[in-house]
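The following pair of complexes shares a single chain, chain A, combined with chain B in the former and chain C in the latter.
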Partner chain A sequence: MNRAPTELQQHMVSWVMGATLLSILPHLTRMSPALSVLLLLLLAWRLHPGFKPPHWVVRSALVIGAVLLVFWLNGGIWGRLPGSQLLCAMVVLKSMELQRRRDALLIVSLGFFVAATWFLFDQSMLTFGYLIAATWLGLTSMIVLHREQLQGIDVPTLFRQGALLAAPAIPIAIALFFLFPRLSTPLWGIQGGELEGRTGLSDSMSPGDISSLFLDDSPAFRVKFEGPVPTMAERYWRGPVLWQFDGRRWTQIFYGGITAKREPDRRDADLRYEVELEPHQQKWIYALDYPAVYPEEARLTLDYLLRTKRPITSLKRYLIASDTDFIDNSATSKTLSLQALQLPADTAPQAHALAAQWRAAAVQAHPGQESDQMRMIVNTAMSYFHEQPFFYRLEMIPALQDPIDDFLFSSRIGYCEHYASSFTYLMRAAGVPARVVTGYQGGIDNGDYYLIRQSDAHAWSEVWIPDSGWTRVDPTSAVAPERVTSGSRSVIDAPGWLHADWLVDVRNRIDVMRYWWNRNVISFDAKSQSRLLQPLGLNYASHTRLLLIMLATTTLLGLGLYFWLRRSELTSTSDPLLKAWRELLRRLQRVGVNCQYSSTPGEVLRLANPQLQAESWAQLQLLVQRFLQLRYARQFDSPQITLARRVLRKRLQQFRPHPVHRTSLIFNRTSA
Partner chain B sequence: MPQIMPEDSQNANISRLSISAAADRSLTKLPQALAQVNDVVLGSPQAVKLTFCCLFAGGHLLIEDRPGVGKTTLANAMAATLGLAYSRIQFTSDLLPADVVGISIYSQNHEQFSFQQGPLFSQLVLADEINRAPPRTQSALLEAMAENQVTVDGNLYALPQPFFVIATQNPLDLAGTWLLPDSQLDRFLLRISLGYPPREAERALLRTPDRQSVMDQCQRLLSSEDVLALRSLANQVHCSDALLDYIHALVEQSRNHALIATGLSPRAGLALLAATRAYAMLEGRVHAEPDDVKAVFTAMSAHRLKLYEEPGKQQLDTTQMADELLAATAIP
Partner chain C sequence: MLRIGSLHLTSLQQGFENWLQRRGPLQPPLVIGYRQVYILPTGFGVTFGVLLFAMLFGALNYNNNAALFMSFLLATAAQISTFRSWRNLSGLRIERISAAPVFAGDDAQIQIQVQELQGLERPSLQFGSANDESVHGFSLSGWQSAQTTVPVTTHRRGWMELPRLVLATSYPLGLFRAWSYLQATQRCLVYPAPASHPPPMPAPAQSQQLQHQRLHTENEYEGLRDYRHGDNLKSIAWKSSARNLKLISRDEPPTNHNEYLFTLQDTQTVGTEQQLAILTSWLLQAEQGRKHYGLALPGLSLAPTHGQAHLHECLRELALWQA
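Showing the complex of A and B:
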């Protein structure tokens, strides 16, 4: 005979596999291709209509193989990366024994969990939207699983039902968001070797490094100034300072990393701003020269870079106050002065010759005055770049023999790293201590805040002049001044439609949303939580108390939702007359009449008879008669009928049942 | 039950226009006819009412109950009260289709085959213990019920009108029975059972010395013209949009219920509508109300619903299921 359907039909398998794929898809993109291809193949195999569940030996072998593969790929199975990979693998392998509806429901539920683990890696608005979509598909496939057939129902309707299913969870989700006890540090530790692909500036610079960032429109960081905003040409965001040159590549040195001996006084700080740094997986944060106030976890190095102990792996917000007038003239040690003049042996003979020529001229012009000599050398070099036919372009002319000489004397086409590198080289060759500074320059005003993109990456130089300390010199400004005054895009047009003006504009607008998301959602931490709860008299709520509040709120919300859904399910009607009738039924229920929405008017009258006073019952009887007549008897639309309906509705609304007094009930019984 | 007076001067006037004088006369005989059948079949006024309802809705009736509770008595009382040509077929395990429908016999006088009509050619047919007959014979009867005509040897014979079949059936667990297939159960508009009579009714039954004499005293109160007139009158009973919504909601509820394997078909929905109209007419109204739907719903649906079998669980009766559906459907 008939049995409840537990066997899966092929379309159900497709829905379940679709939901599973959507929930593991983000994970697939970051696991090793071998594993993701294996998982995709297994999914495709299960989708094949001729699929037969493999023997249990094969299944066990697959499970053991998957665990070993994850272990081998990650060197362990602990941590969020191998953990999520293992989860994905298990969900897919579970589909190998997908036979009955129960299995399917299990897989879909697991899919919700797997999808949610993606939050461990990324918490952007896009991820949020994607996971909502994945959850939606999962819920919809659950609806499909509970339907015997899909006849007579179209896919949009199914999705609408899925959305309706999820809708009651929204208030609870919001309550959980605000009330779930926040931890000041994330639960999952970041383990060594688990860093993401690094983006943005690195700790070294060779030709092509910075120009390759030019096409990257992703945000590097955002800045909100409190008070005065420096002009674009003054906004040099300091990154790693490079001291060591090997003929091609500039790198940091150990001494640059030791703590600064002298720090700017916070009372002199004239710029205050908050930076929201996108994770770049490096151990430093960006600031304008020279930071006087900076977050606790950072320290100021000798070359005034803010170094952090841990790499920035998640969105970081910090407050900075900078003193722009500070002079970095700390007496340099012998080692550092030598380092600032270091040059690789036997490189760029032409550059050396040119530098020697400049030096001779400077010594002749300012005999015995070292600072003036140096200033003159710098100015000569700047006018050299300005007057000679140098071009500021993206395309790379590969160096034939010597990168410096080839650039300075033959190709003369380059990006900021070429200029900073060759300028610093020339300075050192002429005996002026110099170093390369990398960082970002400029940034656009994006409404509420300033947006600095990866394409704003820049490199410039600093020279040490005895009476004024380390001084910033940007050779790029001698070649292409607009680069500094109005941004990199004003000098070079980015190739391709991806960088069309309107698209950039759209991206700026999207970034405004992202900024909002970061400020209000991601950064909602323990502090903002307690600020939010303070007006409610919940100062310094402990985690346990918060947990209790959260449980109470969600339980109340859940109960409220339950009753509301139940009620609206039965009362939902657009007919005002029927609505008035049902409201009357509820009033009757309240005085103890056991009537339901499913009771016919006749039944209601019978049920109400012993409960109501005679007069009240007679009144009800009249109303019921009138209701039956106006609702079920034949009638033609006329103004009288419409009026009669309205009158009845009023009378139904006004009717208040008068229940029989308890004593009189007893009296009636005894007398009977 | 409180008396519900639908008489609104305006509406009643409009409705009365469509009632012919003949139908009005037939209508006045109705209460007497009901009372007479109730005098014979004691203690089941609702079953009697549903029997009349089935007759005027143009359907056929299945009475399913234990032996000895008055199934045949009800059918006989109906036959006695209605002035209809009546025949009774006792179904047995060796009954052949020809025994029901009729047979072509070679007549030597006329030197040709002539068709001898079987007991089916009547206006009121009592098919007693229908589930004792083999399926072939059952289907011969049920085809006739569905189409109001019979085909024998390539000739079509129309059945007399009105044509009303009352079939009785023993519960399925009794030995020596063939159960009716689902598709044939669907041919019966209503299925009722009489049950044991209440205390007073049974006392009255025992007190009467001769039940046969009560039956003999029955008068023919309704002619076949009356029945036809009342049938067409029932057809005119007004069903408002709200009532149609209710019928639709019930049918839909049966299709979405988790425990129901086969919900109600569109044909069942039409059957519910027809029975509701006839019942409203019996109540003396020219429009149908939710009470009418409720009154006929269980008799209409219980034999059409198929439930899932949940292993290890107390099997729910389809009658209980019908009540559950009624309780779960709000009145629109």
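Showing the complex of A and C:
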């Protein structure tokens, strides 16, 4: 009984290590295997019952070693990735000197901190749920650390006690979440230099780049249209525009990135929509042609891509209005015209020959009319792709010598990037200025919004015709028109059961939840907060107002919580007999007996005497006698006592007090 | 300057004392009410607060809503833990706080008797002196009553005022410490410390007369008396007990019939404390040797007999003796 309260017992160590493991686990999955294995081994060592704290020299060596390892693995120790790894390492190393309760408590609370830093990488609903569970375990282990003895307490009970701290906190935490005044601009800079885990389209295109995205089911972005929704075949989401070709790879050029000289008028915009872009770590955002209204931090380039100053590292929501009828005839400068005809030297002789043939036919058909010649060349090329045995497939045949010629004349099997690339090549060879545009095409209607997945990534071409400017041409539509009208999955069956229809359906449903989560939780900010009180008639919620409302709400919730806790603790007892007794007391209170839970059975009897009918009181008296006998029985666990207690419980539950009638009271008084 | 300072301090202390008194009784028996529970964050609680603050500011700055929610959740859970800490103390009944007499220099064991009245589990309770770090932990389950002790060092013989005591808990999270001030009902009696090397006991007085008288005053069954709590089982006279339908003990005969009457002069030393120390050790020796002994101090005389009660009576006189 008189154990020193700071001494740690083995089960406490296990609880603390368990909580630590749970909070660093997400980080372990992301860090280098060498470091995570090292940390896991250290945890396992500390868990071993025969653990002796290592000499301070060893501990210091471990700390220095961990810092060096993080430095070596990341090339630095600043930034969120090395920073979080360092935090994990420190928490684990702190457990090497875990001896007293204070150390254990500190480790658990550092675990909370480490868990919270994981949200810098991932704020999805699943992660959130997981880390709330980790917090629950952390709180429970803090409770365990404050119990000197654990006899008779099972693990579920401990978890329930942890839940009794965490669960009532949820409503208040939600109120604070929505009402605590937010910062509209950050107090200190947000580092944008660090990029990891890029997903989706890149700023260049080689064969295989886009087809590799076909299997990626993850959402790229979600769109909610206000007003008319364009058909699927019209939904070309513009990404990087590629001008430069080296025979294999298409890349962007500097001139394409300069600011547009002419922008669509916002009054002509016919589509309005809100995009919710998943972080892709790139410096652009997606829109339909041609954006007339776009967020402040973006800039419209000469090739009508919306570029941002900083990479998109967290979920981004923005409003766009597009003018679909805008004509882009900006490629009039000589540099750009030349760039749009650029081809690597000495490549694809067969393609050049074919293009020359088309050009000659077009010049013959429309002498002197450049625009018509170009249109004819485009149409010839499209029918060529349509009529020749081209196949739209995921698997590709590796090019032997020349990627363009091999594809056009021998393999003829490819994905959209092969068609866009070879089509643009042919156009340039035939003297038609052309460029490759990458982006997404289509997207499915997922109820409230349209979902565009990574698998919807696409590449197409644009050709420049003097009288109509840059015009979109999608060679894929000549080979597999369903790709454009019904989406990528309609043409190619994805391999494996993972892409079975019903599973895709389930995933679409999950995405609806994710969308809700992103919309209402993750992207809630100062702006949404200021609109929060509109339903209450307050158009703008200032910080003072918010603070006042927050204080009022949390006070009210706190009071409610207080009464709920008081009530629940009194009725919640593991002893069924006592529970029945308390329920009986409540019934007595209802008929006007002024008894409390803390009243002794004798008191209850005395208090009930004037309020109950004689017969009812006598019954109560018997029950009380029996209750006293059995509650304080010597042989607590004998089978007879257990049975008797069960019987008494039933009788306590069945007892209904009959109060003295008001009329009879009056009668008694008058007669007395 | 110092004087003014100390005066100021004592008036502050007095004020604190009065304030405590106004909030409720300090001496048992009492039931800890809500006005008698004080609560403040612990050192770890402050560290935790700093950590939470860092989390909150980071989350606000990066508008990281998941981390923000987590810091609010932890902060609210910490707040709820204050309720649990308070509930862990409030409603406990303190039956008694007392300390058995000890010899000066030994630790007095302050004993608290606590009873749970509300059927709630009360884990991780700590009992200790208010201005001392050493505490003793114990737990209570519903309707249980328990006692625990905390040692206090003693220095001088006589009545010792017991320090202010606290019943505290930092359950459930260790972020806050709730405590109640308590005061013992009685002072603790401190006996003089026995001398380490006492001179030999003086020669016993040959008083057959006394012995004779005593035999007559006892009841007719020689050497038999009613069972007293604490009597050795072996000393119970089972046959007589059966006859009388109550437990009867055989009075253990003294090993010899010599009687000792100790006086201050017998110690043959000067200095009251020294004399008292020697007397104390003689009393202990005599009791251990099952001798009959008495005490004769100026103005006070205790007739020779033996037994624990007699020993304590003698020691009490020594403890409170004023020259």
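Here, the second predicted complex is superposed on the first by the 488 of 672 C-alpha atoms of A that agree within 3 Å, B and C clash if a C-alpha of one lies under 4 Å from a C-alpha of the other, contacts with A are read in each partner's own complex, and residues count from 1 in each chain.
The definition used in the following text is that contacts are C-beta pairs under 8 Å (C-beta built on N, C-alpha and C of every residue); 3 or more make two chains touch, one makes a residue touch a chain.
Bear in mind that the values here come from a model prediction, so they are computed numbers and not experimental data.
When both complexes are overlaid on chain A, the residue A:Gln625 reaches chain B alone and has no touch with chain C. In the superposed model, A:Glu296 lies in contact with neither chain B nor chain C. When the shared chain is aligned, no partner comes close enough to touch A:Glu615: not chain B, not chain C.
Once chain A of one complex is fitted onto chain A of the other, the partner contacts of A:Leu578 extend to both chain B and chain C. Residue by residue along chain A, chain B and chain C are tallied for touches, and C comes out ahead. In the superposition on chain A, A:Ser598 makes contact with both chain B and chain C. Applying the stated contact rule after C-alpha superposition, one finds that A:Arg606 touches chain B and leaves chain C untouched. In the superposition on chain A, contact is made by A:Ile522 with chain C only, not with chain B.
By the touch criterion defined above, A:Leu110 reaches chain C but does not reach chain B. Comparing which residues of chain A touch chain B with which touch chain C, the overlap comprises 1-4, 570, 573, 575, 578, 597-598.
Chain A contributes residues 1-5, 101-102, 105-106, 109-110, 112-113, 115-117, 119-120, 123, 127-128, 131-132, 135, 139, 142-143, 145-149, 152, 161, 164-166, 168-170, 172-174, 176-177, 180, 182-183, 186-188, 190, 521-526, 558, 561-562, 565, 569-570, 573, 575, 578, 597-598 to its touches with chain C in the complex.
Of all the residues in chain A, the ones that touch chain B in their complex are 1-4, 570, 573, 575, 578, 582, 596-603, 605-606, 609, 621, 624-625, 628-629, 631-636, 640. Chain B meets chain A in the complex at residues 1-2, 4-6, 8, 10-11, 14-15, 238-240, 242-243, 258, 261-262, 286-291, 293-294, 306-310, 326-332.
The touching residues of chain C, counted against chain A in their complex, run 44, 47-48, 51, 54-55, 57-77, 79-81, 83-84, 87, 91, 117-120, 123-124, 126, 135-139, 141-142, 148, 170-174.
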